[in-house]
Structure formats: C-alpha cells, structure tokens
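Some structures to go through are shown next.
The two complexes that follow have chain A in common; it is paired with chain B in the first and with chain C in the second.
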Partner chain A sequence: MSTTSLSKAEKSYIAAGLTQSTPHRADGRNLTDYRSVALEAGVAPLANGSVRLSIGRNINDNGGGTEVLAATKLEVESISIGESSEGREGGRFIVNVSCSPAAYPHLTQNALDDLQHDLTTILHTTLTHPSLHPQNLTILPHKKSWLLHLDLLILSDAGNTLDALFLAARAALWDTKVPRTRSVEYKAPRGSNKANAGANTTVEGGDIDVDSTAPSGFDTRTQISRATDFELPDYWDEGEALDGRDRWPVCVTLNLAPPVHFLDATPQEESAIPLRLLLIFSFTSTSKGEATLQAMRSLGAGELSLVQIKDLIQTGEKYAHSLYTALNAKLKDEDIRRTQKARERFIAARR
Partner chain B sequence: MISFSSFPATREYAEFSGPHHPYDPSDDVEMEIDEDYLDTNGSKLTYPGESLTSSQAYMRGHGTYVDNEEVIASVAGTIERVNKLVTVRAIRSRYNPEVGDLVVGRITEVQPRRWKVDANSRQDAVLMLSSVNLPGGVQRRKLESDELQMRNFFEEGDLLVAEVQAFFADGAMSLHTRSLRYGKLRNGQLVTVPPILVRRLKSHFIALPCGVDLILGLNGYIWVSKHVKEAEQEGEEGFDAEGVYSNINDNIDEITRTAISRVTNIVRILASHFIPLTDTLLIEAYDWTVDQEGGAKDLLSEDLSDALVTSLAFRV
Partner chain C sequence: MGSRVEILNDGGYRSDGRRQFELRDITINLAQQGQADGSAVITHGLTQVLVSVFGPREAKMRSQTIHDRANINVEVNVAAFSTGERRKRSRGDKRILEIGSTIKSTFEPVVQTTLYPRSQIDVYITVLQQDGGLLQACINGTTLALTNAGIPMADFVCAVTGGVHSTSALLDLTTLEENDVPHVTVAMMPKTGKVALVTMETRLHVERFEEIFRLAGEAGKVLHKEMKKAVMGRTSTLVNAMGSRGSGVDRDGDEQMNEL
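Showing the complex of A and B:
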C-alpha cells in the first residue's frame, strides 16, 4: 500500500533514525505514540450506527490525516431453505471497504479496485468470523433475520489505514442499534376451511350432490393456517445495542524496522520499512480482559522468524489493550455527549 | 500512548436557536465599487461570487468572470489590477511558476533525454538532460552514453532543487540545475506547505543557527536538512563526482535529528496557521520552542502550537 514515492536518501534517513541507539522519528514522536485520533459517533442519521474517525488530523486547521467513515445498516432478509435467497439462520454480516478516489489521486481505477478488495478481504474475514457473530440478528426463527451491512469509506489516507479501519469498524458496530421487533401471527379461523370448501362446491356447480361440509377431494390448494410476520412496537425507539459489542476486535499494525518496531506510521515511514505485522485482538468484556488473537497478517517483502512473531504478539497485545481501553472510554463519552445533545434539542423544541 | 479527541464542533443548524431573520434588503449596504476599492491591492480578500466592478470599465482577468455586465470573482483571493485588467489571485491554488523561481521537486518519470518532475504545479515540470551539471564538472555536450545512464543522475522518487528556466508552449516549466547549489537532496526530510506561504526572499537557502539548513521552494516544498559547511560544499575544484548525485546520507547525530524534527514541526504549525515563512520568523520560532524545554513532539499538541503562534504575533 506504500504509494508515496520516496528517494533513497529519504528512506535511509528514516530507517537510520529508527535504528539509532535512541530511536528517532521524523515528527519527534516516540515509537509507540499514536498521532491524535478524533472520533465522532452518530454522524449518519439514516444508518443504524455510524462513526467518523481520523488519525493524525492537524489540530490547527483540521487538514490532513487518515479519515475513515464507517456506517452499519440493517436489512430484513427472509430465510427459506432450498430457495435462492441467501438468508441464513441467525443473520448475516457483510463488510465492505471502499476508497475514495480523492484519497488516492495517483492510483488508477484498477489499482483502486485492487486496494479496496484487499482491505475488504482483511476486514470481512476477520469481523465475520463465527466467534464474533452477534446473537441478536434473528427476527423470526427460521423465517426472517437481519442482514448487517458494515460499510467503510476511506476519505483520505495519511498512513496507518488498517488501524483506522478497525477502530472505525469497532466504533460503528458499538454504536449500532438493532430495532426491537415483535412477532405477529395470523391464524386462520377454525371455520374458514369449511367456508372455503363450500365456496368450491358452488363454483363447481350443482350436478353432483356433494355434502357441502366435506372438503372437496379436488381442492389441492394448501390452506395456510398460520402466517407469521413481525412489527416494530415503537417506531421512534432506536432499539437495543447489537450483541457482543465488547468483543469487536482492535487492530495494531507493528511496523518493523529490524531491532525495533513502531506504531502508527506515516505514509513516508510506511514506504521506508520492509515489513509490517498486523495483529488483531479481541478482548472479553471483563475488566482485566483476556485477549484473543483474531487474525494476523504480515504485509511487505521482509521476513520474520517464529521466535520474533511470538515476541511481537506479546507486545502487540499490550498495545492493543491500551488501544481498546482508550477507545472504550471515548465511545462511552460519545454516548453521553449524544444523549445530552438529544436532551437539549428536546428541551429547545418544547420551548 | 494513544489519546482520543473529538472533532471540533460544527455549527448546528439554526432551527432550534430561535426565529430566523427574514431577509431584509435594506441590510445590504450598497458596496462602493470604485478605483479605491480595486487599488487596495491585496489587502482585501474576495469571496467567490463577489461582484468587483463593472465590466464596461474593466477587463476580466484570471479568477473572475462576467455576469450581468459585472466582473465577479470566481475564487477566494486577493485582487490585483494592472491598468484596466482585474485579476484575482487565489489563496489556495497550485504553484504558478515564474522564470527564476527556486523550486524543490520530485522526479516522477525518466524519459528520453529528460526527466519529469513533480513540482506541485498544474503540470509536471521537465528537467532536460542538457540542463543538469555532469559529475566531474566538465562542460560538454551530452553524449549518448549520458542518455543511457540517466538513472545514475536522477531516478524516480529523487528530490532535487532547481530553478525555473523557461516555459514550454503548453505552459509546463523547464527546470535547470546548472549551479553548484542546485541538485539532488539528501540528509533531511521534506515538508509541504501551501505555495502562497513561501514569499520571494533574498535567498531561499536558509542556514539556521541550530545546524539545520532549509531550502524554501517557491512551490511550497520545503527541504529541511543537516547543515553543510560552505567549505565542504562540492566546489568547482575537486568537484566531487559521486557527491552530487549520491543517495547516501551523511552520519547525522541525534541533536541534529531532533533539530530537524523541531524545525519541521514549526513549519507545519506556521503553515496550519497560514503564516508566511521567513528566515527571521523561523529563527524566532526555533528559539521560542527551545525555551519551552519540550521535545519536538510536544509541538504537536494544540496548546503549545497556539502559544507559539501568539508569541510570534507579538514579536513580529
């Protein structure tokens, strides 16, 4: 993904700075420092959950930085076995990443499609893993379920897109509300069969004297005695939170410059190093959460030995945990901010 | 390690903030459109759609259009007038080259007898093989053997400092590096600012007392690097054949690296506050940040960068 072109001198300047006795980065950050991350939830009113996130935004003029928009949308899907419909028991979950051409002005449409496909694959395979599947996507067992779409859009790229995508995905899924539904059942009245049969006989004509109460043997139509559907009990209610909101994973990209590794690389740094290791962890909701490594991927041309990977996973887990706690705190803040805003609006509207 | 912040609050729709004011035409003060207004010469900013003057008395130039017999600005910028020609120079635009400008560029393509250079302009600039200095310092015609080893001089991605020599018929600029000060760049890093923030100075090669050299390209590309002593610069005698087109950095110590980072961050801050860069301003800013006893990364925080800008506003 390193699309920025750098001269050999610039690359070696960055690499030499990292491998010094006291490592040094171009903007003076420490190796494990992130740039400032800004997050706002509930940016798309028509989505079930949405978030806007930017890493490395310039605090003064709000320019630059990696910016990602993530939104979830729930769609009703009917499950019918043996038919072409794709619905599945328990609901489905589809993740899609798209890149704005404005974020990659120098890429051709084909290269952009490739990039989108690569990113989509990483996110889709990780997030739709059965161990993370939310439990409340069923509307009517064996009949209807929710299809959860998570769409992510990269608005601009200033490095570290994968961390940004996963943070945004987690935040958007956390923000997702599943509408409450109530199943409604229709039962054919007891006498309806009889009435129907009676109607049949009159249509057929009176030449055969048939007992009007007996159902016709020629009537092969199956009478649907029960029909089930659902309704929304409260249209204005946003619903309950999507299940498993604590489980959604976070991703740390370890940028490896052989003796050291660093986090949150700028595009220049990304193109100056040979190898990146992607570690994706999910944590259990308990305070001292246990980490599960959900996915791992190495990007780039460099090599890694198993011993190194083991070490990196251990350190990566620590980074991921601090990222996880920081993000959770921010998401809770956002919740409070939004409820406050809603209240203010309500009060203002009543006035 | 990581901290989350919020996006700055966007202005809410005014729906709940009270009654709307109905549009009252008498609020509009009739704008004085006369020569005085046009003579303000850069002290006033236009907004797109602003009516500047009558099209009967003046001619429309760049950044303007005519509607209803009025010259109207099509961009936000400063008004410039030459006799009866009114133009608006946009604030945010790509670099408009002029002959003699010093630019920093990056090679994008190697073509027969020429390099294509990205110089933040509308089109890629061209650097002809005939307008570079050859290693060895000899002045001679470029041979076929030179054409074959063009990548030994500059290859894709390389940064260079050059001067605008001329323009082609299509408006693309032609560069030259026929001076010992021009050529390939190494030992540092690049910062990009809006081109309008780099003013024309007596010299665009600035040596800061902290051991950092700056090259302010008029195209908004700024090269921050380790200081090279005058004596060590590749001179005419003993012209270092390898040195000019070398890709290998010198050994840079930690103090210099920190200073380079600090200067880079200062440039970024000044650019984000839209302050034009000058050598004195940069020296002032550097001294101020050293007094604050923070690392280079502390400059990335909002408080310190705001404090820096306010302190500079008082001094200058």
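Showing the complex of A and C:
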C-alpha cells in the first residue's frame, strides 16, 4: 500500500534509527507516540452524521497530515422476502471508502481503484459484523427499515490511514442520528356499523390514527402487521442516536521493526518496514474496559510467530484502550460544543 | 400560504431570503491541502468544492503528452454524501465527465500552456457539498487553485449562474431554484471582459438572455474582487512568513538568483 519510494539506504537508515537502544524517529516522537489528532463533527449538513479527522496536520499552515472525511446517510428500504429488493429485517449497513486522486498523485486510476477496494473490504467486513449491528434500524417490522451508508473519503494521505479511517468511522457513527418515526395505520371508525366500515375508508369513514391498538376493519390477513406506513414527526432534534455507540471499534496499527514495534507511522516509515499488524478492538463500556478483538490483519511481506502475536495483541489492547478513551472524551466535547454551547451562543445573540 | 416554496415572493425575496441579484456567501480557503502544489476550498453558500492542482509535471501516461504545450487533465469526484439523496457517482459517470471536460475546455485558452511543453497539469476536484451552482464553484475553485500553484494564466476566470423566474432575473441559484428555473452558467474574464464559457441545459427565452448575460458579467466582476482579495491575503501571509526568518536569508536568495 506504500506509495512513497525510498532507496535501500534510506530504508536502512530509518530502520536503524528505530531499533537503536534509544529509538530515533525523524519527527522526534517516541515509538508509541501519535501525532496530534484533530476531529470536528457535523461537517456535512446533508448527512445524518459526519466527521472530519486529521492526523498530524500542521497547526500553523494547516498543511500536511492524513485527512479523512466520513459521513453516514440513512435511506428507507422496503423489506420483501424473496423479491428483488435487498432490504433485510433489522436494516442493512454498507461501508464504502473512496480515495481522492489528490491524496495519491502518483497512482494511476487502476491502482487507485484497487486501493479503494482493499480499504473498503477491510472496513466493510469489520464494521458490518453482526456483533456490531445497531438495533434501531427498523422502521416497521417486516416492512420498512433503514439502510445505513457510511462513506469515507481520504483527502490526503500522510501515513497511518487505517487508524484514521477507523477513528473517523467510529466518530461518524457515534454522531449519527436516526430520525424518529411514527407508524401510521388505517382503521375503521369506532362508532360506525360494520357494513360501513368495510367499504367506506376514504372521506368521513376513513380515519388516520397513530399507534393505535384497535383491530383494523378491513385487514383480513393476520401475518401482516397493522401499521402500513410511517411518518416523520417534526421534532426539535434530528432523532435518537444510532444504537451501539460504545461498541464501534478502534484500530491500532502496530508497525513491526523487530524487536520493537511503533505506532502512527509516516509514509517513509511505512515503506521502510516489512510488516504491519492491524488490530481492531471493540470495548463494551468505558468503565469496565472489556475488549473484544474484532479483526486482525497482517499487512506486508514479513512473518510473525504465534508467541509474538500473543504479546502484540496484549500490548495492542492497551494502545487501543487509550485511543478509545481519548476519542470518547473528544466526541463528548464535540457533542457539548454543538448542542449546549451552540444554544448558549444563540441565546446570547438574541439578547 | 401553501406549502409550496415560492421562488421569488411579492416582497422581492427568494426562498433563502436573498434579493434577486444577491450572491450567496463566499468563503475561500487557500491553505495547503495534502501534497498538492496548489489547492483551494471554495464555498458558495452550501456548495463546497475542494480543488487540488498538481504540476506542471511529467504525465502519468506518456501518450497524453502534447509536444508543444501542457495537457490539462481535469478529474472530478463527487462525495457520495454531498447531495440530499445519497448517490454514488462513479468516475465514468456521464455527468461528471461532462463537468470535467467543460472545465478543461474553459481553462485551456486561459492557462499559458505553451510555456510547459510535454508536461501535464492535473486538476483534481472533489465536491464536498452541493446546493446548486456546482459548475460555477468548480470553475472558481480551479482558478484559485491554479493561481495558488503559481501556474501562469492570462486572467482570472469567474463563473456565476443566472436564471429567470417569469420575467425577473436571478443570480447564483440554489438547487431548489435550479430545478425550477431556466438557467445559464457564464464564466468571464474580468480584466479583458472576455467570456470563457456559456453553458445551459434548459431553454431560455431569447429576449431574457441578454439581460442575464449582462448581469452574470457584472456578478463575475464582484466575484473577481473577492477572489483577488483572497489571493492577495494568502500571498501576503506567505511573504510575511518568509520575511520573519530574517532579511539575510532573503538577500542571499536574491543574490543567488542574480548569479544564475
């Protein structure tokens, strides 16, 4: 995946710096230091949840660094069993990664498509795993459900894109609001006689009722749920948060330069080392800190022994947990900035 | 009042509270984006476009090179979440290819391509948000990014859309207005007053065309002022940043230049 070409000498220089007794990196970081990560939520007004994330962006001139834009969008899908419609009970979730050609100016179109496909596969298979599926994507049981799209766009690549992609994905999903829906059903008027109820369902006889439990007058099939359609109530906020906020995983890429490993590699470092290990953890809740390894992948040509992997998973979990807590803190900050503080500003402006 | 949105109400206001000839808020960010040689983020109201320019450089495909001038290669990418309804447009999409080729033909006479024979200038456009005036935002953004990359051009190219609602002309249309109103996109060069592009997909009455065309020309001059201000601002920041390193460095640089 590395896109920078380095000479043998440069590679060995970087590798030698990393494996010294006091490791040296070009930007003066420790082996386990991340570059600064910046995050802003709510950047795409037309999306249900969105986030812009950058790793290692220079604060002074706004330049450099990896930059990822992630946004979620919900679409209504009808569920029909055995038909062409792809809707599934409980909703579907699709992840897609695209790369701006500006991020990879030296890649040809085909190479870019391949890269996009690789990244999409990694994110899609990990995030759409049944254990992570959000529970509130159903609108009407057996009839309608939400189709959740997560689109990630790489605007620029300065190393460690996978960590950035997973962080952005988690943040965008955290930010996602599912619109509130109310089911609507048609039913016969309460006071009228039965003959009337069967035929006259339109003008005076017909009555739209919301979430009512009375049996419908003309619905003879029992297997069909009574609610036939839904409406979106006008409400002050954009809906309720997508279920499973805490579960969305974080990814840590361990760059292996035996005997050491290091985090958050720059493109030069990425191309100087033979092997990277991708560890993707999901945590149940912040207080307990119970981790599940959602996915693992080794990238590159090197090899690893089982003992090494065991050690790396244990250390990786620690890194992932600190990344997880830091991200959660920032997301809560962003929530407050966008709701409470925005309200205060609004009130202050009106005075 | 019904639920129907009026394009232009009796008070002379449009659906978003603008007057007939009022342009939307425009913000320009010329900061460095990634490894691009020049880049610009431009917003017209809720339409946001990021343009990155690479080059002049060696072409990725040698067959694309032209022996006596530079080849301008425009690639447009639309983010799937940029519109109200999610739609993934692939790179081969007709609409996108059309925008790309329109931009290319707009800039070919403006950019001094003869200075860079056998090379390529890549313009990568990423559409982040769409709310009408996509082509105008792309063209204005490309002008700024090319300027930012230091590529010599004959003039600025400033584009704006104009439309007619019954008999009254409107400028800088939103999606809602574009769907309802015949419109035309005009790209003009403010210094010479030349027109680089006129394009329309809808039918417009001949008698209205002249008025809109003239108005779009005037609006282009207003846009030019804004764009020029942004470029001047960016350049002076860079000059100041260089100056703060001490004048000695500068003088050295000058001397070297003279020697060469």
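In this text, the second predicted complex is superposed on the first by the 295 of 351 C-alpha atoms of A that agree within 3 Å, B and C clash if a C-alpha of one lies under 4 Å from a C-alpha of the other, contacts with A are read in each partner's own complex, and residues count from 1 in each chain.
The working rule: contacts are C-beta pairs under 8 Å (C-beta built on N, C-alpha and C of every residue); 3 or more make two chains touch, one makes a residue touch a chain.
All of these numbers come straight from a predicted model, not from anything done at the bench.
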Touched partner set for A:L323, first chain B, second chain C, both or neither: first
Touched partner set for A:L69, first chain B, second chain C, both or neither: second
Broader residue contact with chain A after superposition on the shared chain, chain B or chain C: B
Touching partner for A:V37 - first (chain B), second (chain C), both, neither: first
Partner chain in contact with A:S156 - chain B first, chain C second, else both or neither: second
Partner chain in contact with A:Y13 - chain B first, chain C second, else both or neither: first
Those residues of chain A which chain B touches in one complex and chain C touches in the other: 61-63
Chain B to chain A touching residues, read off their complex: 1-8, 16-17, 106, 108, 156-159, 184-190, 247-249, 252, 254, 257-258, 261-262, 264-265, 268-269, 272-274, 295-302, 305-306
Touching residues (chain side chain C, partner chain A) in the complex: 31-36, 39, 46, 50, 52, 54, 60-61, 75, 77, 79-86, 88, 91, 122, 124, 126, 128-129
Complex contact set, residues of chain A against chain C: 44-47, 50, 61-64, 67, 69, 71-73, 75, 96, 98, 100-103, 105-106, 108-109, 149, 151, 153, 155-158
Chain B contact footprint on chain A (complex, rising order): 5-10, 12-14, 16-17, 20, 22, 24-30, 32-40, 52, 54, 58-63, 263, 268, 319, 322-323, 326-327, 329-330, 337, 345, 348-349
